[in-house]
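Both of the next two complexes hold chain A, though its partner changes from chain B to chain C.
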Partner chain A sequence: MKMKKLFQFSVLSSMLILSACSGGGEQAAGEKEGKDGSGGAVKADIGVVSYISGPGAAYGEAITSGLKLAQKEINAKGEVDINLVIEDSAGKQDQALTAAQKLINSENVTAIIGPTLSTEMNVVGPEADLSGVPIMGTSTTADGIPQIGDYVFRNSIPEALAIPASMKKAIEKYDAKKVAILYGNDDVFTKSGFDTMKEAAEDMGLEVLTIEQFQKGQSDYNAQLTKIKGLNPDLILCSALYNEGAVIMDQARKMGIDVPFVGGNGFNSPEVIEIAGDAADGLIVATPWYGEKEDPKVKEFVSNFEKEYGKKPDQFAAQAYDALYIMAEALKNAGEADRDALRDALAEVKDFKGILGNFSFDEEGDVVMDPTVLVIEDGAFKIFE
Partner chain B sequence: MLIEQLINGITLGSIYAIVALGFTLVFGVLGIINMAHGEIFMFGAFIGVIVTTSLQLPLWLGFLAAILITAIMGYMLERFALRPLRSKQGVSHLAPLISTIGVSILLENLSHHLFGAGNHPFRASFAEINFQIGSITIYLVQIVIFVISVILMMGLSFWLGKTKAGKALRATAENLETASLLGVDTKRMITMTVIIASAMGGIAGILVGMAFNSVTPQMGLSMGLKGLAIIILGGMGNVKGAMAGGLILGLAETFIVVYGDSGYRDAIAFLAIIVILLIRPQGLFGQKIST
Partner chain C sequence: MLAELINPYHFQVASFILINIILGISVYITLSTGQLSLANAGFMGIGAYTSALLTIHFDLPIVLGIIAGALVAALLGILIGIPTLRLQGVYLAIVTLGFGEVIRVVFINWESLTKGSVGISGIPHIGREILRVLKGFGFDPKVIGLQNNQFIFLSIFLLLFIITIGVIWFFRRQHRSRVGRAFAAIKLDEKAAESMGINITYYKVLAFAQGALLSGFAGALYAHVLAYISPADFAYHRAVEILIFVVFGGSEVIWGPIFGAFFLTLMPEVLRFISEYRYMIYGLIIIILMAVRPQGLIDVNLLNWVKTKGKKRGQKHGTGNTKSM
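Our next item is the complex of A and B:
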């Protein structure tokens, strides 16, 4: 197994050198692929790097479900014919890079969707940019992702936009002055969420009582929460992924902490209610995705998704779904499955009406969109006002 | 607040101790570090979740099912991963360690497949029972965990020290061949040890599920590593050492959060272990290999 991997890697790296030397040849191959799809449909292979196994496999499951549903619908329309090539990153940087290199070196792959974590994107992004492969993150919300290069895009609202929006609303409503911050310190995503929270708290003139940290996969947060309880904050800012976040809320409520929580993007999942039950009440998050929206497009997506997978789509499924539609739109506009043409077409995407809302890329490939602020009340996400 | 933190620390420490007891039992008798112990612990937690939350059955049935299934897993572990290695000549002494690592990977992925990736809540009404003393909330589960860990430790000490089966077990630990010449059914003793250790892992799993309301396929790994650190701290193969080591680690982790920086929680706890080991390399209660 190890030998095989080693062999693969050496083949890949030698291919990488080869392809770097002959960028022109690769383009020609891409064009040929595009024209093969006679009958008007632009045929393209889209690579996917996703977190399919390991602690965060639920993200990968949601993302690939969203992508597959979009693929089915897009291909049925007949304008674009997309084939997904899905690779597992297991949430690890090295494996994400290997998976991405495999896709980059496959001449048929026109663009990549993924990887799941910002940590992974930080290593995969530069590689894809260097090789001239458009790459779009659907769940990478840390700072600085699209700034990696011209070929790097994302359709997930960055924390820097979402967190201050939700904090501002919560502070206005509860007239909060003192806050406690709790965050996961071993993940780029939750760490960057914390940086944003801290900065926003300072900007808004809040008194930060304490900053507590925890690690991924921890199951006992009582020590940190007891400390926070003793300080009596008006609001708890918590940058956590939902698995940890839901348990934190559960333990906090059991302990008698009843102040609202403001969470980052990773905290935003119906799973929180599933795991924490009543304890989830009072969680405030800003979200690009709200499944109860009175929008026929959203309703259709939700019902189709439920029919296909037997559960409600979460934000990650929705973002992935929209991402493939954006890809398809750009492919259609590019008219061929060429990496450079697709990049240019992606950069031009403006006012795309997806299920997330009115979507545009700014000049750096980052998101321009208004987040909705939600709160959990009586076991359901509702619009927070 | 200090009392609350003390309770937090003792709860966490008791859970560590129960996990470590299972480790130390297998190490004491077989001289094997059972890396699959954490995963068996995790399965115990999942069985508890399924019985009490999904099937809505009473809690004692959950305990019974968890003990039964983890005991069966212990038997399978010994039968398929350990025994074949013991009977062969020229097998490296590291082979059982590697083989249990293999089992742990298998079990983690299996549970991933069976139960899904996410966090499973534990909804037993028993876990909700609490007392209010002033501003302090104490959960019955926390007391139960401490009591169970003490009972298990005392029971195990008594069983090993005072009963015939315990003597046979110690003889087996001392020297396998001599014990079997003296008429001890060593094969049965070893199987029984692994089964008891696994069942204790199962009990710990269900207690963690109740106390923290968090059960994931990954919980086995970190718990397993901490259990390992504890038996090194307490003295390999020593029952009282496992208990003391567990409580020390649990309290250390909690009080680092209280007085220090929660980001260094794991680091400082393990640093404390390194310091203790520098002073007492055999561990707190360790002598030679004994139980």
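Our next item is the complex of A and C:
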């Protein structure tokens, strides 16, 4: 009797799953259509996995707005016709993976842009690579992302490129020899930023006086800062997200530490100025995106973005915007919405002139580009000379 | 025919449902002795990390890694269980919650072993390993008309399905055994159970260890299905999520957590079409159901009602009564 019940339940549940499957399968088959017959625009579905709901939804919002703006402009030109299929990952690896599976298998997309976090990419990347779907991260800066496989790309400047660039400039200018490092050890972003800082400091022959840690959401950094102050460094390397980083700078300045700070990618936000005010002066970051750049492309993008969404674009929106342009460029060169053809075309993208600058992929699918080094002076980001 | 039916996306979701069902049952088991444990996310992490590290560094077969992960979690469950089970209710919940956090912080700080918050990638994937082994025997999924990745997800799903059925079967048997009766007695009244001659310490630790074993097991499976883990996966959110499966589905019968895990894992996927609003709907469904059915959706009464209903219908058909048609 009991076994019979069990059997009924299992049959029922597997039937449910199977019926769900067949629906998706048909849709996939129906949508599989690559090229517009008459040799006109290349039609392609591009999947997007983004962090749209949850605590980091602001990233996802910036990214999807950047993508949508780019899509509108690209489609208006008529060379390629891109249809974006946007899925939410809620910042979780398992959700990101199912979202990507849906895009790859049910929606039959030609390529994927996203996911937002490096941790998500670590899960989604190998799957996309095995399925032979080109995938491009627009905000994944951790080490080893494009090295996952041949189909994995990114257009976000990795920390391994950005942090040494800003450190080098800062050291040249201030003639620094002794540094202190401060980092958040419970976040992937800040932890991998720290690893890069430490390595770069060793490479540049700097004397690391101390390495101090803090945790997410901490509000009092006096213990770490007092120790750093006593050691009297020339520079402080700080791998923090902007919310903690701004508080750190505020407390450091109050304590009388007036040496410059060099921050990682997560520290690069206008919010730092909002939170820390004058105390934010002297923060040096390397960024792919500088909205005040004297470049007609950048100016046009900023004004279009403001018209569309009523606010200034941030780094994430700009990276996503460029990413779709790179996709479009590759699609145009590939001539058809074929996954393998698109991958090969992507790998060949060289000297692409986007709003971030002059962009190329290296042989691994990683970024080749010179980041802009910025410094906060009198409450605004300026180019660091 | 078969190839058209198999969409890796659906099998991926189904795999997560099955893993979540095992996690739901692990909380249900400890709850069936009246103890509220929030350490299951921690045990899950132990299982995941143990298995991942063993399979990566010592080239252990995945099966052994998963078993080792489950056993280490169970061992820790016993060690934690003996001193903390003197506590009850909220106090136990807080201690176990604290334990879960300790585990997570250990994962973050033991960098030489766990790579800290960056997490471990490149964990052997169950499906890909199965395919590799079968290919070694000269098997090609194309023989049965499947693509490689379709076969991978089909094999994971079938494997997890069999495992989950086995787990459910075991705990249903246990529920009707001497052990299950002892659990139920302890849940109703500890003092009375003790005076009846039930060794409550033994049974409580047993339930706790079973819960830990099962969470560790599920965690190890999770690691080998996702191929990447990081400490953030096993944080407080996960503990609450697992608890919600049980509270939502009902903690009186084993079908409660099974249904809870099934429904609450499927929901966000089904609601994908409304993108950013889906977690609002998800939250709303939970609030409404908790307001209407605080004991959880599935309880003993509901099951009895379904049973009698089923019997009646059977009789009617049997006697050829057409009135109800």
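Here is the rule we use: the second predicted complex is superposed on the first by the 336 of 385 C-alpha atoms of A that agree within 3 Å, B and C clash if a C-alpha of one lies under 4 Å from a C-alpha of the other, contacts with A are read in each partner's own complex, and residues count from 1 in each chain.
Please note the rule applied: a residue touches a chain if its C-beta (ideal position, glycine included) is under 8 Å from a C-beta of that chain, and two chains touch if they have at least 3 such contacts.
Worth saying up front: this structure is predicted, and the values here are computed from it rather than measured.
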{"item": "Contacts of A:G78 with chain B and chain C, given as first, second, both or neither", "value": "neither"}
{"item": "Which of chain B and chain C A:N105 touches, first, second, both or neither", "value": "second"}
{"item": "First, second, both or neither for A:N185, with chain B first and chain C second", "value": "both"}
{"item": "If touched residues of chain A are counted for chain B and for chain C, the larger one", "value": "C"}
{"item": "A:Q251 touches, of chain B and chain C: first, second, both or neither?", "value": "first"}
{"item": "First (chain B), second (chain C), both or neither touched by A:E274", "value": "first"}
{"item": "First (chain B), second (chain C), both or neither touched by A:L130", "value": "second"}
{"item": "Which of chain B and chain C A:G335 touches, first, second, both or neither", "value": "neither"}
{"item": "Which of chain B and chain C A:S53 touches, first, second, both or neither", "value": "both"}
{"item": "Touching partner for A:G379 - first (chain B), second (chain C), both, neither", "value": "neither"}
{"item": "Chain B/chain C common contact set on chain A", "value": "53-54, 57, 185"}
{"item": "Residue numbers on chain A that touch chain C, as the complex places them", "value": "2, 6, 10, 13-14, 17-18, 20-22, 24-26, 28-29, 52-54, 57, 86-88, 90, 93-95, 97-99, 101-102, 104-106, 119, 122-123, 126, 130-131, 142, 144, 185-188, 191-192, 195"}
{"item": "Residues of chain C touching chain A in the complex", "value": "4-14, 16, 105, 108-109, 116-119, 121, 125, 128, 148-149, 161, 165, 168-169, 172, 226-228, 230-233, 262, 268-269, 272, 275-276, 278-279"}
{"item": "Touching residues on chain A, where the partner in the complex is chain B", "value": "53-58, 61, 185, 212-215, 217-220, 222-224, 226-227, 229-230, 243, 246-247, 250-251, 254-256, 271, 274-277"}
{"item": "Complex contact set, residues of chain B against chain A", "value": "1, 4-5, 8-9, 11-12, 109, 112, 116-121, 123, 130, 135, 137, 139, 208, 211-214, 216-219, 221-222, 253-254, 257-258, 261-263, 265-266"}
